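Right after this note come the structures.
Across the two complexes that follow, subunit A remains constant while its partner is subunit B and subsequently subunit C.
Presenting the complex of A and B:
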């Protein structure tokens, strides 16, 4: 039997900073663990007063996730993640200028049923002063296949109080929309993505640490949504994200505070701010309850139009609500219990959007999405 | 010049934080090694959340490289 505290002490005894973005300790895993989690994601229906045509029932998704973490020899750790999604529902097809009250949204008529499978394998080598890893992954849908590969490396210095890390990834996506002939959609398009990051992590004192990361991602190729009518986007996009994370343990309350801030900018004209806060409250040795809150605000893309402008055929324009200006507030509550080598977790999260929540400029969309997500998971350490 | 500008946010952040840093010996890191103190305390939850927000918001990017895409919309 390996308790949480024993695993934590084992990690701390090995005495490296433990601030990698993907692992709780900068040491090889000493035990193996398997995890399974099932989640339901349900979007609210489009309000009838906005629906001009089609189904108001937006996406419902069931997601199954699997994870295996295991040591390989003395210095390597292997992580395998996979997921299976089953999706049904409708999405906005295009938007008309408002008439007949507020009716403007045309949803996809037939209910969509689709599955996605995702596999991701990472092998990490741990050394005295850092670690490095190779990662490969694939995502498979009936109309979309993606392959990716990446490398990242971290180096500890300053008596292991400071870690610098960097990495890159590349991916190639093939897009083959269904019903292409029926709806005059494209066939056999592709997209390439290159991404890189650098980060600095710092232990501040015995109870707090900080990480700042800069991420650049560049997409080239077919970036248009083939399932939206008259949607046209530029064939390249460069995205910048500056993410900052602060962790502080409050001994008197036996709780950990997580604060995260991200600033984002891209050459589609989208700027955004993301704020996250979570409070990991331990209740005795076997329970943990975690309330969390997230605020998100984005500006509209330069080529966003609330209603499709069909005179703009061939030049960038889109009525996709995801490119509109809006703000979102979400709140979550997670409960976790630890029974010997088994951990059980339940989480519920509610996500609500509104044009008025945004602190950024630009036009908004009537088709913004709200959703509720619930997850139930189990993990076993052996 | 351009590279310096790109790294400026990291330099500023590290400088602000380091100004209040204290030496922490290896045997004093028990609290920092607690699972809830990790930058990513729950990788499966993070993977799911990142995937949802990647699919439903225009922004993207965090503490690592982007990885692969999907047709999720």
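Presenting the complex of A and C:
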């Protein structure tokens, strides 16, 4: 993404009558940067009044992310992303049918300690009127191995004011749950995912931008959560997402408004709506503060049951709260500062879910999760 | 600046003087060139000079400046209107540092005078001059401009010469001049370049004119340089830039020279000017823009992404 000042100057220059509207080349990164970010994600514990059996401590995750961006030759840019995640805690194992006020959630027996390592490498070629990139990635856990590859391309036209882009990616996941024999879990399952997107972005004027994109993802294979008892999901899933973004810079306030709307639908029967608003306020002396708010609502999957029905063996059914109908509201605050070549950013976000927040149909789950996320990042340009 | 095409045998080179600077048009053509094309390009420059020169009393710019304080607005055409819009964008993006109404400050910082007498202008004179500075005071309506204060002046320095390079290159494309470049007093714009052809451009070392500070190979776009390397004065043993900060009224203390590469020479020019005006924060500005740049500091140290 070009700098906002550069967009303003270029848009203003292109309005000059003597300037011919020759399309320009996309420019690769001219400097290298390294970045590191540590985030903590803490789910609130399950309320004691719901806990029937197991540990009330839900997931706590610490994520370390590292990024390197560097030019390669005159026309290429290389990006390496890696992350290391360590999680501990328990997740709902199954839910019991209850009468009002009774305990219903059985958490996974022992507290789980897991690590995940992710590596992602992308090489982007910059050329006249656009750019394209190849990406490969791998993700490893003790019970999970994933490979992915992708390609995307962008083309600028209309004096660089319009960009159309598209891409596709594929991935293969091998799933080998731990303690398979002990809990009668599956072994050697796999899942394939293919995904494609198209998008268009339009610079409306020197201070505003609109982007719309459509994404289709198809999963095939083992889509069930192997760690949940009596969880059974269809072996294919087709997901559609339509995302729209609007950005507006307000000169008089030296601030930028970001608005995002996302509509989602899949053939599990989940429909969702996401609304995001953020206000990027520059404070001078290289400080920036960004309050943000998000609303989310989804419908339940067709086969969602708030309580596991153990008579439904082999028939799709799941008590996973992520497939329930619910709504969520989250608020965040980010503070960022720049000192010479170093940028520091801190963000805190609080996320609260409730069945009543949903505008969608379907049954909700007693195991909805609330969480707090904090992150601290530093990046250095050289 | 010096330039040569890196992989061509013959170059037609036309040197002349316009806009107060030595100028050059280079055409990469081994066979006969059409002299009418070169003449046409020179005429385009003369057209812009006649319209926007501060020194020609018949120019549109002089008419605007002479009307200052009269209470009467001056009609401006589409091209001028867009140039004023561009100046407005530069003013906003630089938080008021790039201000085309800074002209009256230059009068009190009359360096020949000051150098001879070895004195600095006094604060009262600076304050008085600053009253006539301020783009926000200019009144604009569609097709009209009014300078409300007598003595207020517009100076398109940092915009018009660079814009002229873009205009000449655009016209060369329309006339089918082939591959080439135009250089107007250090500001460069390439035209009709195909990918096999690049031009080698040397950026002057302000501290040693005999060798370039850096050499860059360009395939397209505009390269502009802003700096005080040819324009500074030493008063009471201290070096003063001829680039003035319109907010304080004092010379800026920053890079000796900043060169920027952009698609349009006019964007490169204002990006470089704003970087010099920003002093210590100039590098952050250049990095934020993401354009290739080269800086030379007062000690002659070269830095940037175009080395």
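Going forward, the second predicted complex is superposed on the first by the 353 of 382 C-alpha atoms of A that agree within 3 Å, B and C clash if a C-alpha of one lies under 4 Å from a C-alpha of the other, contacts with A are read in each partner's own complex, and residues count from 1 in each chain.
In this text, a residue touches a chain if its C-beta (ideal position, glycine included) is under 8 Å from a C-beta of that chain, and two chains touch if they have at least 3 such contacts.
Please read these numbers as outputs of a predicted model, since none were measured by experiment.
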Task = Check whether A:251 is in contact with subunit B, with subunit C, with both or with neither, and answer first, second, both or neither.
result = both
Ask   = Once the shared chain is lined up, is A:58 touching subunit B (first), subunit C (second), both, or neither of them?
value = neither
Request  = Look at A:124 in the shared chain and tell me whether it touches subunit B only, subunit C only, both, or neither; answer first, second, both or neither.
outcome  = neither
Query = So, A:233: does it touch subunit B (first), subunit C (second), both, or neither?
reply = neither
Remark   = Per residue count on subunit A, the busier partner among subunit B and subunit C is B
Task = Have a look at where A:201 lands relative to subunit B and subunit C in the superposition and call it first, second, both or neither.
result = first
Task = Could you look at A:369 and tell me whether it touches subunit B, subunit C, both or neither (first, second, both, neither)?
result = first
Ask   = When the two structures are overlaid on chain A, which partner does A:173 contact: first (subunit B), second (subunit C), both, or neither?
value = first
Query = Where on subunit A do the contacts from subunit B and from subunit C line up?
reply = 8-9, 12-13, 15, 17-20, 22, 24-25, 206, 251
Key: subunit C to subunit A touching residues, read off their complex   = 78-79, 82-83, 85-86, 88-90, 92-93, 163-164, 166-167, 169-171, 173-174, 220-221, 262-264, 266-267, 270-271, 283-285, 287-292, 305
Query = Which residues of subunit A touch subunit C in the complex?
reply = 2-3, 5-6, 8-10, 12-20, 22, 24-25, 27, 29-31, 206, 251, 286, 338, 340-341, 381
Query = Once bound in the complex, which stretches of subunit A touch subunit B?
reply = 4, 7-9, 11-13, 15, 17-25, 35, 37, 39, 41, 63, 65, 67, 81, 83, 91, 116, 118, 120, 135, 137-139, 141, 143-144, 146-148, 150, 152, 159-162, 167-169, 171, 173, 175, 191, 193, 195-207, 209-217, 225, 227, 239-245, 247, 249, 251, 256, 258, 262, 264, 266, 268, 270, 272, 274, 280, 282, 288, 296, 298, 301, 322-323, 328, 334, 345, 347, 369, 371, 373, 375, 377
Task = Name, in rising order, each residue of subunit B that touches subunit A in their complex.
result = 6-7, 9-10, 13-14, 17-18, 20-24, 26-45, 47-48, 52-53, 56-73
